[in-house]
Amino acid sequence: MILVLILVVPMSGALFLGLWGHKRFASAVNILFSLVTFALTLLLAIRVDTQGPLIALDENLFVDSLSSLFLVITGGVAATTSFFSLRYMTIEGEHGHLTPERTRLYLALYQLFVLTMIVVLASNNLGLLWVALEGATLATVLLVGWTRTPAAIKASWKYFILCGVGIAQALFGTILLYFASEKTLGPGGTALLLTHLLTVKTQLEPTVISLAFVFFVVGYGTKVGLVPLHNWLPDAHAEGPTPISAVLSGLLLNVALYAILRVKILADGALHSPMPSDLLMGFGFVSVLLASISMWKRQDIKRLFAYSSIEHMGLATLAFGIGGPLATFAGLLHMTTHSLVKSAIFFAVGHIVQTSGSQKIPSIREIAARTPGLSRALLTGGLAITGLPPFALFASELLIMAEAIKRIPYAVPFLLLALFITFGVLIFRILEMSGGETATPEISPSRSHSRLTFFPIWIHLGMALLLGTFFPAPLYEIYQKAILSLGVSIGG
Amino acid sequence: MTSLSATPLFFSLSTLLALLVTGLAGAWLLTRRPTFATPIFLLLSLETLALTFSGLRGLLAGSDIRLVLPGGIPDLFIHLRQDPLASFFLLLLGGASTGVLLFSAGYTKDMATKRVAELLSRTTLFLFFTGGVFLADDAYSFMVFWEVMAVASFFLILSGDKTPEVRRAGYLTLLLAHGGSLLILASFALLSIRETPSSIVSLSSFSFEALSQSHLSPKGALLASLLFLLGFGAKAGLLPLHVWLPLAHPAAPTPASALLSGVMLKAAIYGLIRALFELVGLHQLASSFGILLMVTGAFMALFGILHAILQSAPKALLAYSSLENIGIILLGTGLGILYLKTGHPLPGTLALSAALFHALNHAFFKSLLFLGAGTMIHATGETNLNRMGGLLRHMPRSGTLVLLGVLSISGIPPTNGFASEWLLLQATLQARDLSGTIQRSSVLFGAAILVLASALAAMAFLKFFGVGYLGLPRSEGAKAAHECSLLEMLGMGWLALGSLLLGLLPGLVLKEVVKVVSPLTATSLTVPPEAYGWAWLLPLPPAGPSSSPLLLLALVGILTLPVFWLYWGTRRGKMRSAPPWGCGYRELSGRSQASAESFAQPIRHFFPVFFSMKRHLPTPEDPDPVFDLSVEDPHWPLLYRPLFRLFIALAEAAERVRSGRISVYLIYSFTTLIILLSVLRWH
Amino acid sequence: MTPSLLHPPTSPLVGFLGSALLLSSFAMLAMRRMGSLVRIFALQGILLTLSTLSVALAAKEPHLFFSALFTLAFKVLLLPFLLFRLLERLHIRGEVEVLLNVPTTMVAGLFVVVFSFALSAPISEMANTVSRGLIGVGLAALLLSFLMMITRRKAVTQVLGFLGMENALFFSAINATYGMPMVVELGVAFDVLVGTFVFGIFFFQIRETFESFDLKHMDNTPTE
Amino acid sequence: MALIPTFPSFGWTISLLQMLFVIFLAPLLYGWIGVVRAILQNRRPAGLLQPWRNILRLLRKETILPEGHSYLFLFVPPLFFFIMAGASLLIPFLMVSPPLAPVADAVTLVGLFSLARFAMAAAAMDLGTPFGDMGGRREMMVAFLTEPATLMILFTVSLWSGSTAIPSILHSFSLGHSPFHPSLLIAAMAFILVFLGENARLPIDNPSTHLELTMIHEAMLLEYSGPLLALMEWGSMQKLLLYLLLGIDFFAPLGISRGLSPLSLLVGLVALLGKLFVLGAGIALIESIFAKLRIFRIPEFTALAYLLSTLGFLLHFVLEV
């Protein structure tokens, strides 16, 4: 029941805002809907934790602890982002960048986007999952192009074409999977249902599944932003309105990776070769390397962090490729923290770009003098995203390294080097922009941002800190259940 | 818990927490009540004093307590442990920081409140997390404390002047520190490998206890120890990862640079010793690694002191001399490993004890000297020795304290610097027990460099003291110099007293240090017979060499002072005073004195390979001749700039990937797909 | 009962339709005139409908009739109509610029076809539907449209390539597996529909921003 | 080596004798060197007692304090003097193990000398006169290689006993190691160089010149006058003697008294005087053969000493163990 409700809320939100999104109170309503969704995801997670997996809509919806985990992340980040976008949009409005009509479009699409992601996470039907993911693309394409600047249109076009093509491959993969499963589960509805597929995963035809898996990885991998399929990502992140950049890199990438994970379980079951793991490791490794090297040349602050997203997704993918309970836990933890921290960073970046009127790094200077709060937030976020303890990204990176050194020792030096370079470049840029506290008279701290500006940022960073210092034991149980439902056996 | 609450560990922990709370609350309070700065600092110094005593207590009791706190990451809680090693370094931390905090109480008087609050909070953060480093007993919390310490030091540096140079220094510090901790992390990961399948191991395999159970192949062990060396070395200023140090320590405000040099470097030493002797384990170390460590240390000592002589800014000089001292400590450690691995536990223990002893000494006299340099800069408003001079007349008391520090760091008896270097030399002399020419000659090399370095140190610090404190004032600022405040003097006095005691009672110190070392080396030095008592330094009884700084001082004192007093007591008033003769050279002025660079000249000519010099000599015909010389650390042109260029080239190459054209991107996806499929199909 | 009894062997009709589809994709790869591209797209729709029907008849799968009907309505009538109106409204005429000249493209296409047949050979072995071996055709068509998207310059042609891809997917879905479950097919169709509208919106945005559909405007300079 | 000797009172008297020996013999040795030099250079010698006359004269003169001196300036001369006097209690030369020998092994002794040197240089820089600075600087420039060389020599000789305590070094020699080992020979050569450098003799420095631009040791004393100057000069004379005594201990220990029997002591004393007589002449010879080096050649000279000493150490390892 709650499972259906969780879809209904954002859907009605989308409808409502589609109708009355241009009204003054709309942003508040947006927050309201997002909060309700978040609350529902929490309830759902608790339900799942206590009563085990839920199934609804004649088995088309299915939530276990893995998906509930991602649901909570999605709900939470979506909620805080709605807060952020309220502030963001107000300031945009003061700058006279937007009309009520476009606000309406924005808000409606925002809810729609949340909806599609929730469907992806909650769907038991791989076909439905594909549909929802494609839907997410469509919803965000217009959001990316929302500012209507040439660059934005370019970016969203690129996004649309590349992701569209990619996702088409994934559909072919789905067809192949169906083709294989149909033999064991018989034609008709059940052959694409995860719950059923999992039961018969060992009997699926290996050759077909391996083909299918390749198509899946190439398809959904495009949306994860795995190198070399990543080229839409920096543009989309850079040109879209910042709240969208936040949810794109904080949520959409996660969701796409989630899809890959779901398929990987089947592939692992069907073919008794390390192929799926190797594939993921390869993609992850390449992504980390290229992303870290590419950062130095970035002149656009949002692109910079977009590349860091690529890197972190690569790390997570690598972790899942390595497999085993520790690495898998590390991967999940990494995704969780990354969504929190990266979106927090984008919140800060959004306001910084607004105050300094440009998102080109060379023209952003002396944030520390103008808006000390923001520069503090940015620096903290930067330290967190580059994996400095006590933020949880460090924990996951430690574990990933510890596992990688067993499975792929020869990759480890490169990974370390990549992490080092990333750290160097990011911190260098951040310091460059915050430009010390040169209290030059002409720069007086600008109109101080209200608490509302900062609380989403610090909430996220605080969570990341908490996960890194006092990881709650009950949460760990949920993670372990998630690991189990990823088909990894936890011994010892 | 009641039994626990009595232990030093509990005490140290609560002291550290109190320290943190006081610091942060104090910083908050300062923004409202600026006048509270002094009392807050005093309170802090009391707390660090308490920390010192808890360390001392743990050391005397030789206690070794473990404690597991909730928190951290699941299955791996916060493991804490205070064993003698930890106690020793807590003692060091507390001892040095007490003086520094006392000093800051006076030093911050005429600073802007905001800056004071900044300094206060960052200092306490730094101290707290450094203490945590000493107490941590599992890889995760260790890394947490370690990295936050690094970040705190970064902020400490940034709390200096807000100039690009300072920011650059801070950035460089943070960068290299993080690179180092990545290596440490890798080494931890290496140690966490088990034969058991990875599904069995849980997070709990990252506690130090578990890590120390590792069974590595000889290669693996060597790799692990090398990683640790580089990782901790990056923070200890190990060559060639030292470039941040000479930039960072001068950049920071005085108390901060005292802490960075006096305490943080020691934290790195602590980490190295802990990692090598306990995690990798003595049984897995290689004697060749010992040799490597020793030779590196020796080279580092020489390099550091040579560059120190070239510096004209007091803080830079001190920073480079830190390199020298760290080099000496590493040398001792390596020597210890070499001896222990070749079955000579006694000299091994001696060498290691000497190294730790020297670490303690360095913490004291280096902090003292940095504070002294601070007072010099503060009193004159100049940062270059060439603009100081004659300070001893204006600030006789602090000058005397600095003189004490100078004697100590130059390893001149009867100071503590001499005591530890003496022990180290005695250890090197046992090389005749070694077999194999390579081992012996490497030890010989170590000894030769060590003595050379300490002789050079005397030269460097004669320059420091002579140009800074003696002679005539070299600038208006130096003319107007004033004695520093009482609190500052108290702080310096504390440190001076510390190094004096360490130097005069080396026997007692050695006894305690051996307590620290013997668990690591599983041997202890034989106790000297009672006849020698506490005033004696007799490491290898009965026939071994002995020395007694205390008696030496007594001897010279007994002979000298009576005459001194007698002479002055009778003649003082009646003595005629005249302008100095100076070979008849009348117009004495600051400019007629030898400049600071003139000390460096013979060194530059004698060891050219250690410097990369750019020299411009004017031709005889030159109408307006300009002589211009710039000396640089050769690691910049030879190592770092090329590396950076390489990185840039890589980045440029990576740019080719993003042509920005959709079709090209589509081709990427297409080819990826095709390649993967065909590999799958025909493989 | 085993599926093999349930299904009669491949009917020649289905095979013929499959090859026709392949040809049409080739034609799209070769065509230079925008209008004829759209026509061929419509033709593909017809072929799809027919093949769906034939499979439906051969396998007596009721829901396939719906799919066939749907395809007819959607891909033969609605989409081409929309596209033509688009071309009208935006005054898109004449030649399609190509990045890669047509003969080379054709050769590449040939290779792609060979590749995909070779790839899908083992799968076709085990296919027990009426349409054994048509997965290869589907894959080939998919990759050909991919190739077309790579080689063509104009936004519209890329859209056509995209839709062609969708056709290929639909075709293989039908022939390999008698179509996906209904809910999925509807979903897919819905996506495609929305996608087309999004394209439409885009065209106007692009037009008002760049006064042209040449993708070289859409490529941002690498300096960024 | 027990701290409490068998005949405490007697032991202490002997070491007191040692002190007096050094204090009063040092000027005589100085004079002796001067005499031989004069003869070698066809001058009429000023006589054996000339240094003594100078000292007494200076002691009678009044002290003129330069303006702007700090307490270092006043404190250093007595310190310097008594460091040397005290050192004479620590070095065994009349008897093998004077009661105070354990207080300082050879290394500590070198440390003590470097303390003296440091103090002297600091005092020289105290006034900021150009020549004082120059002297202090050059002193250090000489020392930064001679001091390590000295230590390396000590190590080489102490390798026989494994201990840097001079009595045990002497003891190890008495165990029948003939001192004619390559390592010891090389060490001895190094020691000669070090000796010349440390005691401001030619070719490093000319003790009998006040030519401003070339002097080192004298430049440090320029501002001193009267008793202070006397203490300084006297101190450096003792230093010279002490170095000779060290050299004798290390390379020609023959004849030094092992027990405390008056006879052996007497024999030892005579032998010692003989050695000093010869060595003094030798120094004079060297000084009249060599010309003074240019200042910036000095490090090469001292470096030679350093390398030789290290080589001796190495040779011991390679050849003799």
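Residue numbering begins at 1 within each chain, and the chains themselves are lettered A, B, C and D in the order written.
Throughout what follows, contacts are C-beta pairs under 8 Å (C-beta built on N, C-alpha and C of every residue); 3 or more make two chains touch, one makes a residue touch a chain.
Everything numeric here is computed off the predicted structure, so don't read it as measured data.
Visitor: If you tally the C-beta contacts, which comes out ahead, A-C or B-C?
Guide: When B-C is set beside A-C, the one with more contacts is A-C.
Visitor: Quick check: how many Å separate the C-alpha centres of subunit A and subunit C?
Guide: 31
Visitor: How big is the gap, in whole Å, between where the Cα atoms of subunit B centre and where those of subunit C centre?
Guide: From the centre of subunit B to the centre of subunit C is 70 Å.
Visitor: Just curious, how far off is subunit D from subunit A if you go by their C-alpha centres, in Å?
Guide: Taking the mean C-alpha position of each chain, the two centres sit 79 Å apart.
Visitor: What is the distance, in whole Å, between the centres of subunit B and subunit D, each centre taken as the mean of its C-alpha atoms?
Guide: 36
Visitor: Do you know which subunit B residues sit against two or more other chains?
Guide: 655, 658, 662, 666, 677
Visitor: Show the residues in subunit C shared as contacts by 2 or more other chains, in ascending order.
Guide: 119, 146, 149, 158, 218-220, 224
Visitor: If a residue has to touch 2 or more other chains to count, which residues of subunit D qualify?
Guide: none
Visitor: Who touches whom among the chains?
Guide: The set of touching chain pairs is A-B, A-C, B-C, B-D.
Visitor: Could you list, by residue number, the parts of subunit B that touch subunit A in their complex?
Guide: Within the complex, subunit B touches subunit A at residues 70-75, 139-140, 143-144, 147-148, 151, 158, 162-164, 166-167, 170-171, 174-175, 178-179, 182-183, 185-186, 188-190, 192-193, 197-203, 206, 647-648, 650-652, 654-655, 657-658, 662, 665-666, 668-669, 672-673, 676-677, 680.
Visitor: Once bound in the complex, which stretches of subunit A touch subunit B?
Guide: Listed in rising order, the residues of subunit A that touch subunit B are 157-158, 161-162, 165-166, 169, 210-211, 214-215, 217-218, 222, 228-229, 231-232, 234, 275, 279, 290, 293-294, 296-297, 324-327, 383, 386, 388-390, 394-395, 397-399, 401-406, 412, 416, 419-421, 423-424, 427-428, 431, 436-439, 468-471, 473, 476, 488-492.
Visitor: What residues of subunit D sit close enough to touch subunit B in their complex?
Guide: 1-4, 62-68, 70-72, 74-75, 78-79, 81-83, 85-86, 89, 100, 102-108, 111-112, 114-115, 117-118, 121-122, 125-134, 136-137, 140-141, 143-145, 147-148, 151-152, 155, 158-159, 162-165, 168, 212, 222-223, 227, 296, 299, 303, 306, 310, 313-314, 317-318, 321
Visitor: Which of the residues in subunit C end up touching subunit A in this complex?
Guide: Listed in rising order, the residues of subunit C that touch subunit A are 3, 119, 122-123, 126-128, 135, 138-139, 142, 146, 149, 155, 158, 162, 165-166, 169, 172-173, 176-178, 180-181, 183-184, 187-188, 190-191, 194-195, 198, 201-202, 205-206, 209-210, 217-220, 224.
Visitor: Touching subunit C in the complex: which residues of subunit A?
Guide: 60, 125, 127-128, 130-131, 134-135, 138, 141-142, 145, 148, 150-151, 153-158, 160-161, 164-165, 168, 171-172, 174-176, 178-179, 182-183, 187-189, 191-192, 205, 207-208, 211, 235, 299-300, 303
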